[in-house]
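As structure tokens, here come the structures.
Each of the two complexes below includes subunit A, the first together with subunit B, the second together with subunit C.
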Partner chain A sequence: MLSDQRSDLKGGDVNVTQSAIPSLGQHEVLMEASPYGIEKKKLGMWVFIVSDACTFGAFLFAYGYMRVGNPVWGTPFGVGSVVNGVVMTAVLLSSSFTMLAAVRASQTGAKPSTKKWLGITMLLGTIFAALHLKEWFSLIGEGWRLFYNPTGGAAQFGATFFSVTGLHLTHVVTGVIALAFIARGYNLGRYDESHVETAGLYWHFVDLVWMFVFPLMYLMNAH
Partner chain B sequence: MSSNRELTMSSYVGIGVGLMVIVGIEVVLTYQHLEPRTLLFSLLSLACLEAFVAVLYLMHVKYERPILFWTIFPATLFVLTFLCYLWPDAFRMASMRLLK
Partner chain C sequence: MPATSAHAAVHHGPPQGFIRKYVFSVDHKVIGIQYTTLSVVAAFIGMALSWAFRIHLGWPDAHIPLLGMLSKNGAPGGLMTPEYYLSLVTMHGTIMAFFVLTAAPMAGYGNYMLPIQVGAADMAFPRLNMASFWVTFVGFLLACATFFIPDGPPLSGWTAYAPLSAVGEVAGPGQGWGQNLWGLSIAIFCVASLLGALNFIVTTLDLRTKGMTMSRLPISTWAWFINAWVSLLAFAVLLPTCLLLVLDRLGGTSFFIPGGLVINDQMQPHSGGSPLLFQHLFWFFGHPEVYIIILPAFGIVSHIIPTFIRKPLVGGWKVITWAMVAIGTLSFIVWGHHMFVSGMSPYMAMVFSVPTLFITIPSVIATMVWLFSLYRANIRFDTPMLFSLGFISLFITGGIGGFFLAQPSTDSYLHATTFVVGHFHFTMGLSAIFGAFAGFYYWFPKMFGRMMNEKLGKVHFWLSFPLVYCVFMTMHLTGFAGAVRRYSALVDDFMAPLIPTNRFISVAALLLGATQFIFLFNAIWSRFRGPEAPNNPWGGTTLEWDTTSPPPFDNFGGRQITVYHGPMEYDGEASVMQTAPPAAVAGT
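Presenting the complex of A and B:
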């Protein structure tokens, strides 16, 4: 069957010789090019990002519903926590730009520069995670738990805050680990610039989600 | 594959500074003692503006083929916008009082 199709290709618009087909791979010969003009892995990452955006959207809307509808919501964040949150935002935003630098360096084939920028991005991601955990331990030290409000108000603050920020923190830690794998693979020549670019797309998405998490989870709960 | 040639790194730094200015505005708004619903929508609006900039320039959608944008974003925004049907009930709950 496949050999018949190959014979048809030879006689049609596509001028492919029988000897050339095996070297291209049978699926590549028979498939159309992507209408999006991007690689499969990048399109796959976009699909993942859309599904993840809906997940975060559902979490944040559920939180917003409870926050607005509850007159005795907990507001545990003082000026120190807000400053910490602004620093976290600056760190994560900076990591997006170092990621951009890594992508650009990989596209020019500058391997040492790519590794350097990926390393700085991972470092900034780790600093962000450490600052985040510091905030968590501070809250836990004050008595906040998943389903307990030490000030006597609505108990849902702990559940919403720890779940939403925990989900985001999981994304950051996963991103740092993924970047480490990408950096190692790129260094060994197993991965190319498209892998770095796809990882960068994920990293920018993590930054984008924080743009919603910080104002809604921190600033809305500042006293 | 997208190209990074459209913007220089100094332009990206400008975008970063702009995003941090928006974060500063959010912090200032926080201490204006606004009603929760007013503060929520102000912060959400600013966050959407930040996200729009991030998607266009950091995630390079501006430099991809338009079909990528039209395939992904209308459907996603449709889903996220429809979650807004929850708000009126939240406002109702906030103004509820127990009757004796």
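Presenting the complex of A and C:
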């Protein structure tokens, strides 16, 4: 039953004309194949990732520019913060593995397992966000602001740290919410494994961005 | 069957009811017309602004009563202040560059034509498409709202150079909430453009009908596709630039504001920022942006010319397409040529000058393709073709001015003069507008099922074309003479002798603007009273000419479209539709 629905889905996906000629049914017959054989949702996500990478790139470029332009730079992170950052990194990296497990499970049609792995991924994302906010609040407690450096160095540390990690945190939180929607729709049979996979692409991208943000924003600002 | 119903929502049937059909429509054709209409409205607003400041430049003491009603502070008694002059120029540039030139040829015609030209029923993501338009509309309303808030519109130019744009209301009228709204409006416009670009790319790659290989795509589709990639990368950088600007303004950060800055005798509470960072980020977007504006015109003109000369373009689809790919790619490494006099290292100026000269190579190749194609051709001079030829002329003229500006040595003198104003109005302004007019006259019968009036179209062209030269070629000359940009009244000793020349420009600009009402009248009149259009009035070969005018909701009325031919198989009066089965061609 489920696989029947999926073939309907792919048929409906392609072209309105196709539903008029259900006997033909297959993608290749009525359409040119996508150059890389990627269906449109997934391709859309890839294109979004390219664009979002440019946005992060611009933020990181601004950070680099500010940092080079201000030789007296605050380095507020001690051992505690670096350890916190390492734990955050480990949590986010693990969540990529659990996301992979969810995609794998959905592709084999194992519904309970898919839901379980999606749940664990969301939990890890939430832990990451919580640890990140803890870091933010301790910095704010020490007097760091978007426009103020309590150690007397360049005010740009706060500006760049809060804006770059804030943008990333927004992506993580959006990802957790998106995964919740996907999990719910998947549970109701409204979404299939392709939706899980597309959400996974986004999740891995957010993870990848952190692999740039962590060394640039944390390790380079440790004293 | 929950799975299929979810997809039925994406692959919609014809909508019922006025709101779903014409307002919040997911039909790419309706959205295309919405974008085009928005652009036409925006263009007339932008033009009215230019009338106001052109009158002021020609007659610095002239009172404009309407302007006095619009802003009591900006134009007391109808005489504009120097600050309000800058506000008008800023909003003219913002509205024209974003909401007209970026919107009409790409989002307007592209939305309408691209899915049809590839043989699809709609865009890949129809709801996202609807969102792009309405987000753009909100951005446009925010931009227009600046005229009606007490602060007035910002005065920092469409480029919003920091620190002027970043420090807040201390910098002058319009620099408070005017500039905030501007930043918000452009950030919103970026989001809409990114969604649109994503949709264009996925539609072109994934929704091509059977036989529509990439090598058989019409050149206009190629142009929109390439342009979508350029937009995708460029607007993704303008978005954070606007966000950082807003942070500087509202969050107290100093990304773009240096230390020790004194404005109106007040020391600004900022340190360590860099105005050059803003220019780098802005122009990393801004230079690709001028190609985002002109590439759709390349596509439209390359699509129209073969139809009216009844033969393929020289070099086939490959040469013109690769030229556009090269332009799109190179456009990302030339941004520094906007910054030769910004205080950037002169070595950097050299680094940016060289690729700027390189980018002329694909531009010249494209131009040569059009010109060589015209050689010995039997040209049909219908209005779309006239505007296409006008486009070529304007683009060449503008491009020649570019050689002077690409060299740091000559640019140092010309940079802040009206030479630059004339140059970019030729290249990205009027060339793109002529491309857009060509497309409008060409596709109007398809979009509305009625023909436009040819005579009025020709009058529109033959009045507009020389007047464009009168306005913008003369600006090159005043620029050589030293007329500085952004000065509201050229009454200094050394510029006073230019006042008669400025009056000449102003008169020509007013006439040029008035001429556009011929177009407006023609469009509105033909929409309701024009003779009914046949399916293929120009003898085109691409898929949009293979369906009714206007096309049915699913574009081809449920027919399966199969493509067998390239887009330019013309041979004199004979031509081959892209869908003609091979046997039928052999028979003729």
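Just so we're on the same page, the second predicted complex is superposed on the first by the 192 of 223 C-alpha atoms of A that agree within 3 Å, B and C clash if a C-alpha of one lies under 4 Å from a C-alpha of the other, contacts with A are read in each partner's own complex, and residues count from 1 in each chain.
Assume a residue touches a chain if its C-beta (ideal position, glycine included) is under 8 Å from a C-beta of that chain, and two chains touch if they have at least 3 such contacts.
Everything numeric here is computed off the predicted structure, so don't read it as measured data.
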Requested in this report: Once the structures are superposed on A, label A:75 by its partner contacts, choosing first (subunit B), second (subunit C), both or neither.
Outcome: neither
**Report entry** subunit B versus subunit C as contact partner of A:50, first or second or both or neither
**Finding:** both
Query - Touched partner set for A:151, first subunit B, second subunit C, both or neither - result: neither
Query raised in the report: After lining up the shared chain so the two structures overlap, which partner does A:86 touch, if you call subunit B first and subunit C second: first, second, both or neither?
Result: first
Report task. Kindly classify A:170 by the partners it touches after superposition: subunit B alone (first), subunit C alone (second), both, or neither? Result -> neither
Report task. Please indicate which partner A:61 is in contact with in the superposed arrangement: first for subunit B, second for subunit C, both, or neither. Result -> both
Report task. Name the contact category of A:38: first (subunit B only), second (subunit C only), both, or neither. Result -> both
Query raised in the report: Is A:103 in contact with subunit B, with subunit C, with both, or with neither (first, second, both, neither)?
Result: first
Query raised in the report: Taking the two structures together, which residues of subunit A meet both subunit B and subunit C?
Result: 35, 38-39, 50, 53-54, 57-58, 61-62, 65-66, 69-70
Report summary line: In the complex, the residues of subunit C that touch subunit A are 1-4, 6-8, 11, 120-122, 124-125, 194, 197-198, 201-202, 205-214, 232-233, 235-237, 239-241, 243-244, 247, 251-255, 271-274, 277, 280-281, 284, 554, 556, 558-561
Requested in this report: Note which residues of subunit A are touching subunit C in the complex, please.
Outcome: 5-6, 8-9, 12-13, 15-17, 19-21, 29-32, 34-35, 38-40, 43-44, 47-48, 50-55, 57-59, 61-62, 65-66, 69-70, 145-147, 154-156, 158-159, 163, 188-192
Report summary line: subunit B residues touching subunit A in their complex are 1-2, 4, 9, 12-13, 16, 19-20, 23-24, 26-27, 29-31, 36-37, 39-40, 43-44, 46-47, 50-51, 54-55, 58-59, 64-65, 67-68, 71-72, 75-76, 79-80, 83-84, 86-87, 89-94
Requested in this report: Would you tell me which residues of subunit A are touching subunit B in their complex?
Outcome: 35-39, 42, 46, 50, 53-54, 57-58, 61-62, 64-71, 73, 82, 86, 89-90, 93-94, 96-97, 100-101, 103-104, 107, 194, 197, 201, 204-205, 207-208, 211-212, 214-216, 219-220, 222
